[in-house]
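Letters A, B, C and D mark the chains as written, and numbering starts fresh at 1 in each.
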Amino acid sequence: MSDLLAGQGPLFANPDPDAARAFFRQKKGALNNKLMPVSEAVAQFIHNGDYLASGGFGTNRIATAALHEIVRQKKADLGFAGHTTTHDFQILAAGNRHGHRLLSRIDAAYIVGLEARGLSTQARRLMESGDVDVCEWTNYALACRFRAAASGIPFLPLRSMLGTDTLKHSAAKEILCPFTGRKLTAVPALYPDVSLIHVHESDCHGNARIKGITVADYDLARASKRLIITAERIVSTDEIRSNPNATLIPAFCVDAVCHVPFGSYPGNMPGEYFSDEQHLKAWLNAERDSDTYEKFLTTYIYNVPNFETYLDRCGGTARLAELQKLEHL
Amino acid sequence: MSNYNAMELMICVAARLLENGATVGVGTGAPCAAAMLAQKTHAPNLLIVFEAGGLAPVLPAMPISVGDSRTSHKALMATSMCDIMETCQRGVVDYAFLGGAQIDAYGNLNSTVIGDYAHPKVRFPGSGGANDFASFCWRTLILTQHDRRRFVKQLDFLTTPGYLTGPGAREAAGLPANCGPYRVITDLAVMSFHEKTRRMQIDSLHPGITFEQVQAQTEFELGRANTITETLLPQPEELRLLREDVDPHQYIIGR
Amino acid sequence: MSDLLAGQGPLFANPDPDAARAFFRQKKGALNNKLMPVSEAVAQFIHNGDYLASGGFGTNRIATAALHEIVRQKKADLGFAGHTTTHDFQILAAGNRHGHRLLSRIDAAYIVGLEARGLSTQARRLMESGDVDVCEWTNYALACRFRAAASGIPFLPLRSMLGTDTLKHSAAKEILCPFTGRKLTAVPALYPDVSLIHVHESDCHGNARIKGITVADYDLARASKRLIITAERIVSTDEIRSNPNATLIPAFCVDAVCHVPFGSYPGNMPGEYFSDEQHLKAWLNAERDSDTYEKFLTTYIYNVPNFETYLDRCGGTARLAELQKLEHL
Amino acid sequence: MSNYNAMELMICVAARLLENGATVGVGTGAPCAAAMLAQKTHAPNLLIVFEAGGLAPVLPAMPISVGDSRTSHKALMATSMCDIMETCQRGVVDYAFLGGAQIDAYGNLNSTVIGDYAHPKVRFPGSGGANDFASFCWRTLILTQHDRRRFVKQLDFLTTPGYLTGPGAREAAGLPANCGPYRVITDLAVMSFHEKTRRMQIDSLHPGITFEQVQAQTEFELGRANTITETLLPQPEELRLLREDVDPHQYIIGR
């Protein structure tokens, strides 16, 4: 098998399913009431050194309130799963400044860019600074790493990454199929210590519903050792039980449930409100000058007591009403 | 380029390549515009898929993100990234659009770093879903500006596979058989890949552009198709639909 | 690796993803109108020698009309995926009589039994006769084989079957995890030539919705080279597009769409009607005496022009109304 | 056995083992009755999962099939077999109920064939989900009638893993660590597995039953727990709930 390549990138999380099984076994109280403020959820369930993952897709259905709180609480030495992460990564990158190191390990599939909107100066600065260890992946490879963990198996095989530097700089390994002899890419299970997922509806136990595309959140919710749900609406368990087909995330995956209307702002929330392109543009622009950036972060993250205040500083109910209208065009 | 611009030409050329009934994986911007234009012209049953989970939407407007709600508006299904990527891996998806900071003679792409990986001059987003699309979909289409900084002899980083080192290299690497880069569409020309050497060659030159002008903007040596034609101009109806229906706000064609 | 076990059971279908890719590439016309009678769908898309799989779960959401038609059309030499297959397998077993061989290859996870209702005499006769080649699996292992195929990869790893005769008599192979060194079971992708899935709603292209549990049908639909959908209701494509979250099976997987109200009878259809335990009991009883069984099959399958007649002979609208009532208790 | 029958006793004993807040994978019949009884007595937050996809339903009546609509009635989620099995494989599910045609001293089960595999005397359904549940769930519970044809020295076919050949054998085979058979509940006694030898031993004898009677119905040699107690009788309230609420039509307890 000497012709089989092993990626030289760092492996940031233990893919061993028995270690994860021991953790999941002692995680009880699926039907406890898990409602709490975002500040409490972040304080209680996110620890320095944790490996973090965020759901949604960059500027779509992201848990903005929890991301801001992580920066405000100055968490340190976090690993991060950078499947298409755009504004979420941009927010966290603010934590690596003035000698503080919020992020230290990045699994990178899509980072530093905000798709058609352009690149984030500050996210680039972080990635180019050498301040973080980086491992390369593709979006599908990271999704498969979550699925392997969600399935309770240590790896999954796939057919991308082969023949590229992306594989060489990943922690994936080439294997041979035991049935066909074909060369495949094996990617190790990724069990995040804690994840953030914003949903449309959840009950107080964390039985949650998502409308529109689910991206990788079905698997991410199951793969995560701890899970913080932020929800547009809190619904009753009777409501959840009235339509079992609508549930995507079952309560036993969840540790905290936070009620955060407009929680994906300035991102898009399918069927609820569109993204605030003005605010996202302002953010990208502010990043280009360090003084401006400092003031921007003070205004929109550091000197903000809670998420409602952030929404108000971004135009409040009037602006949100515009974004709702835009979503329903 | 009197009554149309280069972007409009590139979009029209790309749209014509997408036959009715085909399935295409697209991103935002020009690729999405091309797929939308194809639907409004010759390919009403073209199925558009977005990597984040949007399957065959009726696009109400140009998406800003490949995961925004427009990508699943009136879709046949709002699904997951794994479902879309596995539909590609299974061999169901005919075309995918790609781009990159650098491209080489075999259609390999770099969207990760410029400079040394450990100490990059510029860090770009990385593969995203590009490596997956390029590995799985039957034919990949590359839309990009044409200049010597992009069309290079040696990539700083091979993010996404083209034909790798040449004939048979994809299969040897374990990638699915019989797929790879199909066309490269730039502001100067349309290129394909020689069926024996798998190196990039010019199929058609845009009006007023010479082979030498394209070669001058390309670091590696370009081949010539048996017959090099002139790229068919955007037709009035194509331009009307593109400007009035596909991109009325000129997000893409205004660039 | 000499300590790694390879199951000695027969492998009935080619797990090679490139062979399947070549097939899927030429399968076009996703948005064609695929509405046709069951008889035509079975005649056109099921060929002698094919490997067949059926959706649902034995007596729940099964494509009874298509299964009867397969027996009526005397298809021959079929392979069959026996994940919890109960009444569906019992129906097909009727085809292996008087020297005719409808089934020749069985991947067996759960067969011959009808759960709490007891064992099927005729299914047992078939399995004990040596008339079919058999390979052992578990329900999850077969589900993983469908998922591997649906994913376009040649195998999936899992952690059951290990240490048992079930593995020895399967076509699975033990492998070592390239990351943890753990021993795992590798199961080969299973791409059925043709599958039958009964759904609640489908449009004429095959965009289909299922209510209640999905069992393995998400993966089975995607793994199958050809797919026959039978549906309680035909809905418009506008209706499908009005709720993209409700779609489970996209049109490009589907070859035929057949409108068959009460199509899962005598099985249960979630939210529609409960199983007809009297008819299922009558079937089990009839199997015990060959003359009785012959008459039973003549009455309920062979001398039946179509599925509506079968329903009438089982009590018709009055009985169906009772089963609807029973479902909504 | 005056005012209750053996099945009622077995169900009550099994129900008591399921603590509140635990998750249990069940089939139809007695296991489902035991889980329902536990919910109605000491374990209102017991989560019941069914292999076909029913997750934590409010059971309106005894299911006939582990895939019938009752198994997802007012469920927290109606999902897939893979989701349920992977929830088990991930280590989330505490208990699973199993049965079989044969069981040996290590709790291994046969539900595939009696006689030679190639020419079986009797063909049974096979593993179904039993092998998966027994491989993945932390503690498996076995409910069965007790006689010499079932409790055998040598299985004709090892369908579903108990402790295989003894201590460490599961781990050596690659199975998840620290799980396996927990209790065997029959019409004669309740048995566990010796923590060193992993062989079956009697924990408690049902009223009026002697060790010798149980051994006489068991082909292999049974061990003795440090203290063998008398099985706690079904309590009046347990019987009332079992007969009035859980199984009013006596589908199970009528046998």
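A few points about this structure:
The rule is simple: a residue touches a chain if its C-beta (ideal position, glycine included) is under 8 Å from a C-beta of that chain, and two chains touch if they have at least 3 such contacts.
Note that the structure is a prediction, hence the values are computed from the model and not measured.
The chains that touch chain B as well as chain C are A.
Within the contact network of the assembly, the step distance from chain A to chain C comes to 1. The greater number of contacting C-beta pairs, out of the two interfaces C-D and A-D, is seen for C-D. A straight line joining the Cα centres of chain B and chain D is 57 Å long.
Centre-to-centre spacing of chain A and chain B amounts to 28 Å, using the average Cα coordinate of each chain.
Chain A and chain D have Cα centroids separated by 40 Å.
Residue numbers of chain C whose C-beta contacts span two or more other chains: 17-18, 151-153, 158-159, 182, 184, 211-212, 244-245.
Multi-chain contact residues, meaning those touching two or more other chains, occur in chain B at positions 72, 78-79, 82, 89, 136, 176. Interchain contacts give a graph that is no line, ring or star and is not complete, per the touch definition above. Pairwise, the chains that touch each other are A-B, A-C, A-D, B-C, C-D. Residues 17-18, 20-25, 27-31, 149-153, 207, 222, 237, 240-242, 244-245, 247, 250-252 of chain A are the ones that touch chain D when the two sit in their complex.
Residues of chain A touching chain C in their complex: 11, 15-18, 151-159, 173, 175, 177-180, 182, 184, 186, 188, 211-212, 244-246. Those residues of chain D that touch chain A in the complex are listed here as 21, 23, 45, 47, 55-58, 72, 74-79, 82, 86-92, 94, 136, 138, 176-178. Residues of chain B that touch chain A in their complex: 27-29, 50-54, 60-61, 64-69, 71-72, 78-82, 85, 89, 108, 112, 117-132, 134-136, 157-161, 164, 169-170, 173-176, 251.
Only residues 56-60, 82, 84, 86, 108-113, 115-117, 119, 124, 127-128, 130, 136-141, 143-144, 147, 158-166, 169, 174, 182-185, 211-219, 268-271, 274-275, 277, 327, 329 of chain C touch chain D when the two sit together in their complex.
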